[in-house]
């Protein structure tokens, strides 16, 4: 397979290019009986959508999802759920300037080398637009996890370039376009974006994600560890260059006497593990951070090659976010929910009604 | 499945507990005609084996691999390759002290919660001993990659606790028990290990891994990106808490004008991407770093619970490495080789003789 | 997963109910560079479509397929191909008569027992209408197989009830609505259908399928044998109750001296094997026959239960084929092409350019 | 992958050649807490073993299975179960007579064409000896199914060549070497075998298999139908040329009013469906028949080619069964159990405690 599926029991398969007729996906294995409407999905999609503030891309995609199957009389039937989002804002602009050139930091060169061709319109399959359907599928997983198990998945901005957000107040995260958990830092973030726009440059970001209420016992011992499948899912988000679970890279300098989380009658006394030991969830919150590289499309001219091997200079015009990392927040949540949902069903399959398998 | 397989076309499935009769695995999908002997595999196994220096565990496992199938007259036949390593140094010691207790930082609690039981002898399935068979399988993949494609996979110590190795001289890596790429730092590392032993503590490590000569075009666009599958494979190594590809977490503070690798007629001018763009290899070296937590088994007493929920104090005696990270080097190489081999075959399957599919 | 995918490297995933908004699917792993238009697919869809003669269902579905992704400038890009067919002829009729009842021979009872609910409109996910998307995906596989490898996949009617077609003249198969390879028997088939309509009954059918030009070497030795994966694909067609490869059930009475196909310098001297030995294609034509049960929806009243467990009588009105087996011909071809395409890519992945791997 | 795995949640992966050091396999996903000893497995292995009567091969394999992992203190732990059977009776005989020749009806030619080489000793990977490990794994599945769900899987001889066994008395099946459900026909079967031995020929067989007590709701609607996965598993047994579920090929001539199983308050009134409707189990007994071709190894000389393409004559000496189909009985049961176990866990994963998911 060409790698467009994720999950074993709860599986998402996607299709679609940035400027093709539509994006879509199939959610396979959803338990029957989950109440589901378009609005349940649209809510999360709207959080990912660009064009909502002047700090993200000004492209306007309505991103209206359609449920094509698998839901009957307001509930999931247990059969595969087809999802589709028509591409509407496909400006019929002239792509001749990038058509035969490899933009630095983009997948232009690798697609061309692998397939001998590429859909150069707006990034084609490599466009972050593809993640819309992941958010749609993730919304289904999140709803089940929340309603059946009380699991809450959420993410927020942890850093944008040099600006690190130390405070973490979840209550305000949804009220600012940066998903910043410290509202007081928003003006600073705004100024940084304005400066990047002026400079014609972009910057990276760090996102924190966590899941509360995860049952103990999810994940498998060897290869399909919960953190391994989660790590893959997060690393499979466009532009992600690093994933750290729990104490992450701080584990390198931690002593064993510091890192290993002790327990007493009240439960775990710390969470350096990030909620997973030996590949299996501990019942503590799952926590991770991811590093996202700067937007590759910038107006600053850069050196590259064209298809014939000639040296060229490329400056990308267009409606691009100076920090794509910001909009990754709902995507990170979605990927997390997909992984948890899959491992919940897998555990229930093998272990049934054991303590961790509920 | 309970997650004991990795790879799609080139797939490893493993079994075995630390103190059971044997470890083993099945390598499925190996191309026919690869010259293969026990010695080819044993070489890599010996690099992973404990008991080779006083800086790692003093347990003595001979770790002699047996090829049970799939090789005929010195060459792979194309059918599944059975591998087995008998467990020989299973001291029939008394495990009653940890039998009913959950050791901090270990998988004791999660296995027990998931399965309602656990093989408590030496960590059972959660033991790092399980990785021996990954190294054995990785040796097969490495041999094919090296001989058929000229790919070289190698790893080294990047940090042990606070000691960061800045110099990277590959020539000396195999000559010291720390896989340190700077031989001058070895005495410092030795002293640190001695100090940890005396303190009854342990420490984390950071490992660098890279693959040279990787063909352009390996990896899939969306979920099965090369870095995602690689990230999963690395995160699936015991004690790994973080994975960073290319510039990794430095991408957070890098500007777009700095991160995006430019090209001229000579090729790429930098490698912040770590050899992968849009999920597909660029032909540059693949590079990554991983964070490994400190050994959880330490003699310093720690608070925990027993199966009945009583508070207990645990101090682990035994033959444990003060820094398990060191011995991860051959494992990291093996997991990297397994992922590359799988994606090489996958690409050849879909794209045949295209440029990237050779 | 809930079983809506087939194939490993060339994989189809489908969604859609008979009376939902749309049917659709994702074709993953198609090699890049295949010229592909809607017409290429529509041609096969039109052969499956009901309402084309008075001998099949009079329901009129236009079945217009839309390619939503994976094709650019007239060629496949190597990324996933999204396919969709809008359901147009969904009569908003009253389903209250079957809503709470289990129709004999249908999946009503099993869906309800498994999922606790079912989309009762026109069979929902269990409707043969779902196979339209298989035919669409199969058309892509067939085109690649034909153009790149010279493989020809074709099927025809072998029996309808008691009428067995002994002659096999492929030239006329497409010219009659029964896909009969003996045009002289068509009047007899017409009369039988008319008689069944009058009686309010239905009958089963036997379909023959074969693939010419299949390269030697496709298929895997143990579980994923070519005939096993093919057998599964055929058995996964609605209403199929039996699959026989090569000599099939005649193998039971054949002696070894009769069954085993001899070879001389000209090649194989017979084909009792049906083109596959030890799970791997021989290069001879692949041949199989399948048994398809009679249409379950008949006007003759039948005993059954309703959801509350009450005994009821059911007579299905509507536009049903007296012999669904006839329309299975293009579906059988499609499933065959999907399996061959998958195994072609799998073989190329593992064995590259070996003789059998071309 | 090279096709050596079967099942999704309960998965068997195998390795081993007829004359290599050992056969083995990994059973992944077994629920924890199943009491399991070597004897539980050995029992079924002994039923498959040759050399037990003069009517089957006189080769003597002790076939002693070893459990290498996944069982602790007499119970499954939930981790992967390693199984191994050492090959002991490998006569170091001279294979030079068949080494470079393609035996008719065997996989010699296809292996050679696919892989460019083959292990010619005793059939290598294509040997029916490989099925021993399937029987071992199937014994685990059968034990779980029987003890946890009350499912009983059993098979018997339905025909050997022209001799059809009409009576089906399960009580005597295990008491004769033919697994004949009619003990009165045993002398006739004995005479037929003796005659075949004298003629230097062999003959095919038909096996009936059924599973009683299967819960309603197992199987998936579209591709992974219960009968499709079952059909694949049966077709993946060496020498099987046909699979028929329920009424099988009799469905072709059955009218709809005859085939569709009616229900009244007592349940289903017939079982033409063979226990599965729409891909999902009905709760009735699953029933199927399979056709097995005659043993290919016969002493009667046959025409074939050698590797260089020269015409040769081949007469296979050795210890071969005149009817391999007889010994398929335990294999058929094992494959059936593996499929049911997998679908039981899959259904429990997706549908949890619904009626069909128990």
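Should a chain be cited, it is by its letter among A, B, C and D, assigned in written order, with residues numbered from 1 in that chain.
Just so it is clear, a contact is a pair of C-beta atoms (placed from the backbone, for glycine too) under 8 Å apart; a residue touches a chain by one contact, two chains touch by 3 or more.
The shown structure was predicted, so the numbers you read here are calculated from the model rather than taken from an experiment.
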Check your understanding: Which chain pair is joined by more contacting C-beta pairs, C-D or B-C?
Key -> C-D
Check your understanding: Greatest Cα-centroid separation from chain B: which chain?
Key -> C
Revision key, fill the gap. Here the gap between chain C and chain D, centre to centre from mean Cα coordinates and rounded to Å, is 26
Revision key, fill the gap. Whole-angstrom distance, CA centroid of chain B to CA centroid of chain D, is 38
Point to revise | Centre distance in Å when chain B and chain C are each reduced to the mean of their C-alpha atoms | key: 45
**Study point:** Interface hub residues of chain D, defined as touching at least two other chains
**Key:** 1-5, 8-9, 14, 29-30, 32, 78-80, 114-116, 125, 221-222, 346, 350-351, 354
Practice item. Using the touch rule from the top, collect the residues of chain D that touch chain C in their complex. Key: 1-6, 8, 14, 102, 104-107, 109-111, 113-116, 125-126, 130, 159, 161-162, 196, 201-206, 216-217, 219-225, 227-229, 231-233, 235-236, 238, 241-265, 269, 272-274, 276-283, 291-298, 300, 302-305, 309, 311, 325, 346-347, 350-351, 354-357
Review point. Residues of chain B touching chain C in their complex?
Key: 8-9, 29-32, 78-80, 221-222, 345-346, 348-354
Study note, to complete from the structure: Seen from chain B, its contact residues with chain D in the complex are 1-5, 7-11, 13-17, 20-26, 28-30, 32-33, 66-70, 72-73, 75, 77-82, 84, 114-119, 124-125
